[in-house]
Structure formats: structure tokens, C-alpha cells
Amino acid sequence: MAVEVLLWCIAALLATAILAVAGVRRTTTATLVYTVALVASTAALGTVGWVLVTDAGLAQTVRLPIGLPWLGAHFRLDPLAAAFLTVVNLGGATASLYGLGDGRHEREPGRVLPFFPAFLAGMNLVVLADDAFTFLLTWEFMSLTSWALVMAHHQRRDNARAGYIYLLMASLGTLSLLLGFGLLAGPDGSYAFEAIRNAHSSPNTAAAVLALTLLGAGSKAGLVPMHVWLPLAHPAAPSHVSALMSGVMTKVAVYGFVRIVFDLMGPPAWWWGAVTLLFGGASAVLGVLHALMEHDLKRLLAYHTVENIGIIFIGLGLGLAFRANDMTGPAALAMTAALFHVFNHSVFKSLLFFGSGAVLTATGQRDMERLGGLIHGMPITAFAFLIGSAAISALPPFNGFVSEWLTFQAILLSPQVPQWVLKFLAPAIGAALALSAALAAACFVKAFGITFLGRPRTRAAQDAEETDVFSLSAMLVLVFLCLVAGILPGYFIDALAPVVQIVVGGHLPQQAALSWLTIVPIAEGRSSYNGLVLFVLIAGAAMIASYVIHRWASHSIRRSASWDCGFPDASTATQYTAGSFAQPIRRVFGTLVFQAREEIHIPPPGDMRPARMHVYLRDRVWDALYVPVAKFVGVTATGLNRVQFLTLRGYLTLVSGALVALLAILALWQ
Amino acid sequence: MAVILDALVQFGQLVLVLLLAPLLTGYVRKVKARLLRREGPQIIQPYRDLLKLLRKEVVLAENASWLFRVAPYLIFATTWVAAALVPTFATGLALSPAVDLIAIVALLGSARFMLALAGLDVGTSFGGIGSSREMMISSLAEPAMLMVAFTLSLLAGSTQLSSVATYMQGTAVGLRVSLALALVGLIMVAIAENARIPIDNPATHLELTMVHEAMILEYSGRHLAVIEAAASLKLLLYLSLVLCLFAPWGVAVAGQDIASYAWGLLVYVIKLAVGGFLLAVFETAIAKMRVFRVSDFLGVSLMLGLLAALLLFVSRGV
Amino acid sequence: MDRLALDIAHMFAGGLVLVSFMLLYQDRMFSLINIFALHAFVVSLSVAWQAHIQNAPHLYITAGIALVVKALVIPVVLHRIIVRLGIHRNIETVVGIGQIMMGGIGLVALSILVMLPITAAEGTLVREDLAFALSVILLGLLMMVSRRNAVGQVVGFMSIENGLILAATGAKGMPLVVEISVAFSILVALIVIGIFLFRIRERFDTVDIYALDRFRGEQP
Amino acid sequence: MTDLGSIVVNAILIVPAVGAALLAFLPDDRTTARLNMVGTLLTLICAIALFFVRPEPSLFLIVDDVNVVFIVLNTFVGFTTSVFSGTYIAHELETGHLTPLYLRFYHAMYQTLMFAMNLALLANNVGLMWVAVELATLTTVLMVGIYRTPQALEAAWKYFILGSVGIALALFGTILVYLASSAVLGEGLEAMAWSVLVRRASAFDPALLNLAFVFLLLGYGTKVGLVPLHAWLPDAHAEGPTPISAVLSGLLLNVALFAVLRFKMVMSANERALAPGPLMVTLGLVSVVFASFMLYRRHDIKRMFAYSSIEHMGIISFAFGMGGPLANFAGLLHMIMHSLTKSAIFFAVGHIAQVKGTQRMAEIRGLTVSHPVLGWGLVVGVIAIVGLPPMGIFMSEFLILTSTFSRQPVLAVVLALGLLIALGALLRHLNGLAFGDAHGSIAPAQASFVPMFTHLALVLAAGIFLPAPLVSWFQNVAGLLR
């Protein structure tokens, strides 16, 4: 039943896409498309939510007579799919709402409107798919539509390049997933997930499949070192699409990983966890360090996606490690942490991208160095962005903290695993996680402070005005969710219980029933957290303080020029810029991670030219992995290209050579 | 009954920390002054300052935003709550299940987040310096702190402060290398987080090495007062954290009689005095270091924490 | 059939291979064409003999066509063309005669080697015939490879066709394909000479394919 | 019933033949294009009729499961191409690239080509098939050279020489097959009929069969364009008129491959002969990898897509070489999808080249801006040809890779890398062609988009939903191919 409803929503989306192609010329098309998308996503969200709450219509399958003829297209809705569908459609609904407002400023509606609903439909289909072919088809369809959206503003050279690299990496991922499914399905091609689940594969096969899945799903999710396309492609798209790509599509990739590794591949080996942990830790730290060095607002957010995906994969890796040792409770904790972080990240990442989109629309700028002081022009956007920043920096009482807290708790359980590698790995990963959390806070002080605070650095920033009501409402909905998920995490954890149940065969104890909605992952005496109490306490304390002070102490205010230690400077150039803000951290990590070089040109005395400083950063992953491959292809292509210019005799020589060779082979074979 | 008692204790602590914090600050200043053969201000000077500031009007920069005015109260509230949830003279606070060690670290992180933003708000170069350096320091101090937390929670099998405290009270602990490492690490973090020498000098202005003072440069009047209060609360918090984790002797356990609570209170004050004295001695003994050496300093503490955790990870469950 | 008939057939086939070798090392246009005429003549003889021993009269037609067209008409036309294009000059083969001969012998050896495993039950005739035919074809290929000159290549190609005819007639009672193949080989030759050399000359004043090689596509 | 069937079959051959004769002698050059269309349309109708009436196989012609869909595909693409060719040729006349005389010649040759290819597909006699392929070669040679530019002549000459050599090898192979069969079946037409050969192949002399297959593979493989026999293909595509490029890529390669398949069936029917699989797999892989790399340094748009055709022929022969129900199914599907997609792409490319007045990709930019329909058509075509869903080629490549990987992981990985490299090249060129700021003439193209979008729609539909009868046919043939 529920599946049918979802499929109908998807059909509506696809139909809208086709209609949009027809109505590209008309101006009302945008409103139509986004309205339909909003309605469809909301309907799907409602359905899924209803399913999750009342376990009705779960694990029911639908088979459509399309796709592989003898197989058909299988669709199935189990708790795992439901959970991810929630994320997808929540993102879709808010993005459509945002699009209703912000989409009006789109320069190239014709290149956005047809693909936006198709993209939504694609993501829904991936999560619903229940056989390898449908999964891969929709997976690549998702990539394709998002590629089209990335290419929407194709006149900018780097956008075109971004789209190219993106589609290339996406196809690499799809191909590796395809090969992985080939292994799972076996030579006679039993592609249905049901069949794959029941078939048991040898350890070597499993290892290969894990590697291929990490490559395939990881490249889409943006795991280091497959992340290179992400910070190029995500910012290139229109903002609400960036939000979808960063906040939702990466989660679909995570879904792919969970579906294959936890559900289809059968019992894991402990080292799967180790490998996944390594990838996760690397992504977490490198992602946030890259973000710190970035001063393009949207690209900074994209790099943070890499970081958060890393955190999610740390949770997944722990889950694998625990499950391999039949430690159901810890495994459940780790998985809950990961899945909860999936939800949280989708919420605040969408929020942040909406905010950056509003800034982009208001000022036409993505470069933080040319912004500043926007909090005066666009206070509500600033407030929303602030909440988002706090949430992504894992600050209580917001939602980001809860999931990271759960992850920490899971790490703290890892000394119980017998394998030495994991014993050594776990605390290191914990340090990495802590480091990335702290750096994320630093990064978002930078992002928010430079963009919204201080004095405007350009005219555009000066006259920035608050964005429209649709965009604002989209943001505020997400702000609300950040807070709710932060102070009432118990309900979310309970909602995740059935998902975790099917993934690791166990789940956390019921949380919502506990006194004062405290969450207790393992035991009362061990660890507990209560966002609600914390929130009430802080709010209360703040109010009391302010009330007491304003009641009995002074409440008078005088405005005057800023003091600045007695040296106020009118020029806004004296403010700290994004680059200078990150400079101390660059000093600490830069040389190691980025081979950072600083060149300072100070003109001789009497020369009036300003002193200049250039900072050069290199992405070592890019240099080490991708440049050589590109080189190889180029060189080989050039070398082989000579064959195009042989003389006719040369070609004849080739032919007769082939003939003689085959005859010789034949002679030897007989 | 027990619940009521816990609630009472909790409330008592809320008030206690608030009252005690400025005193500690003043005491440390006094001791430092004495060590430098100066007379120094009276111990209760901080209270006077606070009251004075509260009565003065606020001079606000033109382009200060609403955030600039909201931040002090949030900072104060967060720090206060955090301080109130650390067991000082008695465990089993009513609200102690609400947060654990990790959460307290994160709470202080929230306070710092707001403070750093406030530093950037007016758009002066000093504010920028302050926030940027503060975030750099914290980005290393926080992981170190968490590593310490890991070590302890691995030992005690819990991140819950009261449980850790009770565990450390027990004799099962014995003397452990990792504990010593963790203690050193925690102290280094505490020094860094409270902007003490050698990281930062709370008593200076107009010095390019200042961090904390640079951030709050634009604040005045009641805002400044609130922030100062928050700062001294933070100092108290860290001291009592060290005490509660590494020297939890005499802390009253939940459900004991009034006498033990009184005893616990007395012991706590004494411990604070000793701790403050040691801090003062330390601060006078060494010189301030360059900002870019700070990373090394904190890197050491991070390594210590990690080492401690690793030792435990390896020694456990084998 | 009696040994003698077979031996004569072999004699013709072997002779054809010999003539192919002669073709290989001709480096003068006229002599090349004359030798080719000889080649065609030998083919027609062997076809006729096959017709005789297989008493398959339709093969006589094949022989006749081969004789008339390939041994007489085409050589004459080629003479004309060469004269008209004024390329009596030596056509240098690409590599030295010695290597070509070596290669040719190697190819013959290879073709025999390949034919060995075929069951002799078929009657010895076919197997040897095939071996010879295959060597003629391979030698023709070698010739095409070793010549720079369009006429040379066409001649090489036509020697390949001769080898095919040899094989086809060697196959007992192969219906209608012989005629078709002959017709096609002639058509091929005609098209070669008629259309291409004509047009090529119309475009450039030489039949040397180097002139064509200037016109690779894809000059960047 | 059967007589009706034989009438239909003969019609498929006679209509183009008559059409060729007519078009050769009709002077008026305005109606000839339409006449051409009518002829191909009639052929198409007859071909479709084959689904309903199927004649008994004679010794010369046969309609069996293996070739019926190929005939329909052949006539269908022939028809759509003739529609496209109408507008294309009209433009060529305006710009004076072709004179009416050559136009007449062109149309006659077009019908002849149709005739030859249908004959090759219908032939039940190896000799007859050889003749047909030969005829097809000659006609295409003439059409490639039709512009008479030095490049065109050179391409035609190259094509002619290589093609004839190939065809000679094929003839030798055919003779060997006959020898092998006549030993068992006795002399006469029987020994050259498919229907008989496949049934009795198990008794043939394996050594002869092996030798024959080597020659046939190389001979017909030259027409398929397998590396290293491919040299004629890119230039022939690049220099000839675009409709011919479309027919070459879409149909002629298929026909040649079809011949190879027929012989593969004979081979695999005899288990003592060497398995044809490895040879085809090797040639296929070499072609895929080589062509993929060649795609990068292309400057001429038509030549680039010609190389992509080589790549796809490689994929197909790889699939058939692997064998097995899945791979064979995929191979057949891929053949059809490729000919539809590639001809659609050539339709687009033809119009683009006419609008922009050049085939050099460096001078074609931002098509989606200047000519949205044309540009997006090209984008969709390229997306389909590189095997991205939801187009049909994705399905076949999915089946090939998955079914191969569990049997021969290394081969599958090599193939996958080849596909990826090709995708990289094509997308890079596509970025330049379709996106960025418009460059060159932005005059609207007077073109018939119907053929292009019909093909693309079919490919899309096939990628999502394959009708049951087609599927059963595929599976049936896949079974026959082993």
C-alpha cells in the first residue's frame, strides 16, 4: 500500500519533469514545478513517517514489469528504506519550498526545472529499489539528473569542468558497484536482492565486494580520497540543488553502502570495520581542514559534507566491527549514532546551503572575503545560519551534538573488541573525531563571523536585503528541526530502533519512556544525556541573569564608535578576513596537509604599492591519485593516435600481420 | 525524599559556584601579587568590579548587532550551567544525569563559540585576532580534553562525572601511568582554556599576544561584567573538575547526612585554596610563550591524552 | 582418379606459387604486368585442368574468363595507364628483395604447416591445392604490403584473387561461387583501374599513394 | 501461406532493386528523395510483414529467428535514414556540394546498398551472403568517394583496398567451409546452406573449420571494423555523406557482424573445433581499449563517433565471445541499441555540421544555447552511447559486465576501464560541443528532427521496458548462439 503511494508520488515528479520540458518558455512553470515537487515530497514524507510510526505496510514489495524483462523492477519498503526516504523527502520538500521563493531568481530556468523533480524521483527510486538492476539504473539516473543541474550554469568554465569530473567519478562509482553486484549475483544473474541475501559468498568475494562498494558508494558519498569531485560539483549547482546534493544525495550513497554491506553481504569480518573506520577518520579530518582553508562559502559547506560523511562512516565502521564480534548492543549504538547523524546532517546541511543561497541571491557573492555585516541586512537568515552553524559544530543543545555524542559513546565501548588492530585504531579515530568537531567549530566561527558579522566589505554586502518568505520559511522549518532533534533525541532514537534491528539484529533500549526524556544508550550509571533539561537550564539561567540585571542594575545603552583599543580604523580592510582568520590553523596543519606556502611581497620603502601575500595550497590526494591517471591516459592517447596517420601500406601490414599471427596461433594450437 | 535532597544539593551548588567563582579569581590574583612581593588588591576586589560594572551604562559600537548583545548572557548561562553540573562537594546532583564529561566539554565549546562570534561582530582587527587565536587554541585543547575524558571513562567505565568520582574514591584505582598522563594533560588544557600564563595573560591589554581580552575588547558595562563572571566561573569549573576527577576525597555521596555534606563543603574549599595557590605559583614561575608555540604546548597535551587512552585500550579487555 | 592427373594439378598449383614469387621481386612496371599476365595464364590452365579431371564443364568458362580478362585485357589496360601516367620509372619495393623472399618462403611454410592437420581422407588433391592457394594469397598480401605504388598493389590484389580461384576450383563441385568470384574479381580490377586510377590522376599527377598520404584527416 | 511469405521475402529484395534502377534513370532530382523514402518505406512494410508470414527456407533465402529482427531493424533504419537524407541532401544541393547528376547516382546507390544488405541478411547460402556483402562494400565505397575531395577519394581508396582484401579473405574462408561441409553433405547447394550447416556441423572436419573461421573472422571482421582491421572505418565515416555514415555505423557493421555470428554458430555446433569465443573476446577487448583511447585526440566530430562505433563493435563481439544466455542476450540487445543510437547521433551530427559549416569540433561550441533541440538531441545521444541509464545501452552493458565479472573478473575489469575511458573522452568533447557560450553560426537548422528523436525514444523505451515478444526472440536466439 505505502509503496504504491510512494511510487505514485514519484510518477507525479517524473510527469512534472516532462511537463517542465514542454513549458520551459512559460514563466509560471517554476511555480508549478516547485509546488508539485513540494506536494509530492510532503505526501511521500507523510506516508513514510506514518509507516515508521505504525509499522504498517512494512517489508511489502511491488514488482513492476519494467527494467530487466525476466526480472522486472522490484520495489520494497523496509524500515531501512523508510528511514532514508524520510531524509530524502524531507530534503526534497524543504528544497522545493525554498525553490518556490529563490527559484524566481534563476537565470536559466530551462536548465533547472525539468531536472529538479527528476532528481528527486531518482533519489526516491534508489532507496526503494529491491533488485540490482533497478538500483543501479536509478542510481545512475540520479547522478545524471544532478549532473544536468550542475551544468545549469555551464557558461562558467569551472562549472563545466566540475560537471565533467562529477559525471566521470559518478560513472566510475556506478561501474564499480555494477561489478560488485555482478559478484553478488553470480554468473546466472540472480539480481533480486532477496536472492542475493540468501546466497552466501566466499570471504574473498566478500572482500572484493566490500572494496568495490567502498569505491562505488564512497565516491558518491565523497569519502576521501574519492571526494575530489564533491567540492567542485556541489557548489556549482543552484543553491537548493546544492542542498539536495550535499544533504540528501550523499545520504543515498550511505544508504547504498548500508544496504549492500550490512544487508546483502551477510555476516561481516572484523577488518571490514577497520577499513571503514580508516576511510571515515581520514574523511572527517581532511574534510574539515580543507573547509578551513576555503573562503568560497558554498565550497566550504561542501567540504564539510566530506567531514560529516566521514563521521557517519566512523559510526558504520564501528557498527561493522562490533557486529563482526557479535556485540549486538554496541553495534546497535554505533549504527544508531550513524543513522541519526545521517538525519541530522541532512537537516543542518540543507539549512546552511539555503542560507548561503539566500546570501548568494542577495549579494551575488559566494566569496566570503567580499561579504560581511549581512546580519544587519538579513537578520532572519543570519539567525537561521547561526543555528545551523552551531548544530554542525556539534554544540549542545542542538542535534549535531547528540549524534556525535552517541558516536563517542560507541568508541568508548571499542576496547571490548578482541582484535588488537581495532584496539589501537579506536582511540586514534576518537581523537580524529574530537579534532574534527573542534575544527568544525572554528570553521563555522569563520564562516558565520566573516560572512554575517563585522562590517560589510563590498557595496553588494552593504545593500543586501532579507530574502523572500518562502526561503525563510524553508530555513525556519529546518531550524526548528535542529532544535527538536537536539532536545528530544529520545523519540528519534526510538524511531530508528526498527532500522537498527534489521541492520545489526538488535536495538537500543526504549528511550522516550525514561524519566525527563533522558537518553541512556547503555546504562544509567555509564552515560546519559538530556538535551531538554540542558536547554531549559541554559534558557532559564540566561533569562534570570538578564532579568535580574535589567531589573536591578543598569539597562541604559549608548551607541558610539567602536573602541578598538583606541585605534579605530574606518577602512573595512582592517577587519580580519577569512584567510587571516584561518592563518593560525594553517600554520599548525597547513604544511603537513596542504604543503602550504606563503609568499609575501613587500615593496621597498618609498614604493607606494601595497604589500601582497599569496598562499599556495595543494590537494595532495589530487596530486597523488588523479594527476597521474590523467597523465597516463593523455600519454597513451597521444601515443596510440599515431595509428591514425599510417600509410595504406601500414594498414595492410596490420591486416596481414593479424592474419599471419592468427594462422601461427592456429598452427601452434593444433 | 532523596529526590528533594538531590534537588536541594543541586540548587545549593548553583548558588555556591556563582558566589565562589569571583572569590577564587581574587584569591589567585592576591597570591600572585604576594609572590611578586606586591600588596595586590583585596580578595573580594572582583565582587566590587562586577557590581561597579553592572551599574555602569553600556557603550555599544554603532555596528554591533543583536548577537553582540545577546552573546554575554548566553555565555554566562552556559558556563554557569556547566559549572553547576560538576560535582564539587557532593555527588548525586539532581541534574547530573543530564550531562556527562563530554557534554560539559561541549557546553564550554558552545560558550566559546558565542564568545568568538561576539569578538568578530564589531569588525575590529583586535576582535579578529582574539577569535581566530581562541579557535586555534580550542581546536587543539578540546580534543586533548576529550582524550582525558576517554581515559577516565575507560577506567571508570563511565563518562558520568559522579560515577567517575565515586570510582576514583574507591581503592580499586591504584596508581596508574595513564592517570598521571591524563592529569598532566588536563591541567595543561585547563591552563590554556582559562587564558592563563603561559598561553595568555589575563592581566594585559594592548599586547599583540592577548587572546581572551582581545575578544571582549568592545564590551563594557553590564555585558563586560557578565562575561567576567563567566570567565571566573570557568576557572572555578576547571579547578573543581580537576579536583572532582583526580582528588575526589571527602566528596559527600548522595544520601549521606548533613554533617558529611558540610564536611564535603569544607574539604572542597580547602582543595580550591590549594589548587588556586598551585596555579598562582605556576603562573609566576614561568613566562608567557609566543602564540605560535601554543600549538606545540597543546599538541603535547593532546599526545599525553591519546597516549593515556591508548595505554588503557591496550591494557583492558586482554 | 589416377596419380598423373593429380600430379599435373599440383604442377600447375606449384607453378602458380612460383610465379607469385616472381611477381614479388619484379621492380619494373612492364615486367611486373607481364608476369601478372603469366600468373593469370597459369591460373586459367590449372582451372581448365581441374575442369577436365573433375569433368565439370562450367569450370572451362571460368578458365576462359580468367584467360581473356586477366591474362590479356587487364595487362593491356594497365600498360595503357602506365604509359598515360608516364610512370615507367622503377618502382622501388619498400624492403630489399632478400627480406621479401625470406618472408615469402616463411609464409609458404606457414601455409603448409597450417594445412597439415586437415584429414587426408578428403583426397590428397584438396589439401595440397589449398596449401598452394593459401601461399599464393599470403604472397599476394606480402606484395601489397611491400609496394608503394597503386598499380603494384592492384596487381598484388589480383594475384590474391587468382589464389582464391585456385582454391575455389580445387574444391570439388563448388556451385556458382566460382563464376561469381571470377566476375567479382574482374569487376574489382575494372573498378580499380577505371574509377580510381582515373580519378586519382585527375586529382594528382601520380598514382603514388604517398601523394594520398598527405591528405590524412585530422591534421590538428 | 508459404507462397505469400516467399512473395514478401522477394519483395524485400525486389523493391530496392527496382528502386535503384528507377532512381538511376529518373532525371528529376526533386522527387527522387521522396521516391527514395517511398522505396525504403515499402521495404520496411514488407519486412514487418515477415513477423506474420514466414516462408519455408529455400536453398538461397531463409527467414529464421536469427535474422528476422535484423531485417526489420535494417529496413527501419534504412527508412528513417532516407527521411533524414532527404533534408540533408536538399541542403547539399543548395550549397552545391553535390550536382544533380551525382544526386541521382547517390539515390540509386542508396537503394542498391539496401538491396545488398537485405540480401546478406536473408541469404541462406554462404556464397550468396558473400556476394551480398561484397556488393554492399562496393556501393559504400562509391558513396564515400562521392564528394570527390582529395580526402574523400583517399578515404574511399583506403576503404576499397582494405575492404577488398577483407572480402578476399572471407571468400577463402567460405571456400574452406564448403570443403568441410561437402565432405559430409556431398557436393552441391546443400553444402552451403545455413540451415543444413548448423544442423550437421558436428560431423565436419574441425581443422578445416578452424582455418575457415580464422579467415572469416578476419575477412568479415574487417567490415565490422575490429582493431587492427579498422583503419578504413573512421575516414570512410568522416568523409562520406552523413546519411551514409549513419547507414555504415548503424547497419553495415551489423550485417558484417551478423555474418560472423552465423559462422560462430556453425563453429560452436562442432565441439571438436576450437572455441570461437577467445578469438572474438580478444579482438573485442583490443578494439574497445584502442578505440577508447583514440577518442581523446579527435578533432573531427564524425571521425570521433566512427571510433565510438569501433568501440561498440568491440563490446558486441566481446559479449558474443563470452557467450552464455546473458551475454548473448546483451550482445543482441547491444547491436540493436547501438545501431539506433549511433544513427540518431549521426543525424544530429549531420545537421550540426551543415549548420555550423564545419566538422571540426574546435569550431562547434555551445549548441544547447544556439540550437537547443539539436544540442540536447546530441546530448541525449551521447549519454545513450556512453551507456548511461535510462537508455537501452545501459541494460546491455550491465548484463555484459555483471555476467562476465563472476566468470572472468580480469576481462570484465579491462572492459569496464575501457568503457570508462571512452566515457571520459566523449563527455569531454560533449562539454565543448554542447555547453559553454555559443560559437559560430546560430542560424536555425532546417532539419527533420523526427528520425533522430524517433530513434532516441525507441532507445529510451528499450532501456525501461522491453516488449515480451522481443525478449523471447532474444532469449531464443541467445540460446541458439550458445
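For clarity, chains are labelled A, B, C and D in written order, and residue numbers in each chain start from 1.
Operating definition for what follows: a residue touches a chain if its C-beta (ideal position, glycine included) is under 8 Å from a C-beta of that chain, and two chains touch if they have at least 3 such contacts.
Not measured: the values here are computed from a predicted model.
J.: Return the chains common to the contact lists of chain A and chain C.
T.: D
J.: Farthest from chain D by Cα centre, which chain is it? Let me know.
T.: B
J.: Does A-D or A-B have more contacting C-beta pairs?
T.: It is A-B, judged by the count of C-beta pairs in contact.
J.: Would you identify the chain whose C-alpha centroid lies closest to the centroid of all protein C-alpha atoms displayed?
T.: A
J.: Provide the C-alpha centroid distance between chain B and chain C, rounded to the nearest whole angstrom.
T.: 100
J.: Where the CA atoms of chain B average out and where those of chain D average out, how many Å apart are those spots?
T.: One centre to the other, that is 78 Å.
J.: How many Å are there between the centre of chain A and the centre of chain D, using C-alpha atoms for each centre?
T.: 44
J.: Report the inter-centroid distance (CA atoms only) between chain A and chain B in whole Å.
T.: 35
J.: Hey, what residues on chain A touch two or more of the other chains?
T.: In chain A, the residues touching two or more other chains are 644, 648, 652, 655, 659, 663, 666, 670.
J.: Two or more other chains touching the same residue: where does that happen in chain C?
T.: Expected reply: 114, 117, 141, 144, 153, 209, 212, 218.
J.: Mark out which residues of chain B touch at least two other chains, giving numbers and ranges.
T.: None at all.
J.: All pairs of touching chains, please: list them by chain label.
T.: A-B, A-C, A-D, C-D
J.: Mind pulling up the chain C residues that touch chain A in the complex?
T.: 94, 107, 110-111, 113-114, 116-117, 138, 141-142, 144-145, 147-148, 153, 209-210, 212-213, 216, 218
J.: Which residues of chain A touch chain B once you look at their complex with the stated criterion?
T.: 372-373, 375-376, 379, 382, 386, 390, 393-396, 401, 405, 408-409, 411-412, 414-418, 420, 423-424, 426-428, 430-431, 434-435, 437-439, 441-442, 444-446, 448-450, 453-455, 516, 518, 524-530, 533-534, 537-542, 545-546, 549, 553-565, 568-569, 572, 574-576, 580-585, 587-588
J.: Where on chain D is chain A touching in the complex?
T.: So the residues of chain D touching chain A come out as 157-158, 161-162, 165-166, 169, 207, 210-211, 214-215, 217-218, 222, 228-229, 231-232, 234, 274, 279, 290, 293-297, 324, 326, 368, 383, 386, 388-390, 394-395, 398-399, 401-407, 409, 412-413, 416, 419-421, 423-425, 427-428, 431, 435-437, 463-466, 468, 471, 475.
J.: Provide the residue numbers of chain B that touch chain A in the complex, in ascending order.
T.: Within the complex, chain B touches chain A at residues 54-67, 73-74, 76-78, 80-81, 84, 95, 97-100, 102-103, 106-107, 109-110, 112-113, 116-117, 120-129, 131-133, 135-136, 138-143, 146-147, 150, 153-154, 157-160, 163, 205-206, 217-218, 221-222, 226, 291-292, 295, 302, 305-306, 309-310, 312-314, 316-317.
J.: Using the touch definition from the top, list the residues of chain A that touch chain D in their complex.
T.: The touching residues are 65-70, 132-133, 136-138, 140-141, 144, 151, 154-155, 157, 160-161, 163-164, 167-168, 171-172, 175, 178-179, 181-183, 185-189, 191, 208, 633-634, 636-638, 640-641, 643-644, 646, 648, 651-652, 654-655, 657-659, 662-663, 666, 669-670.
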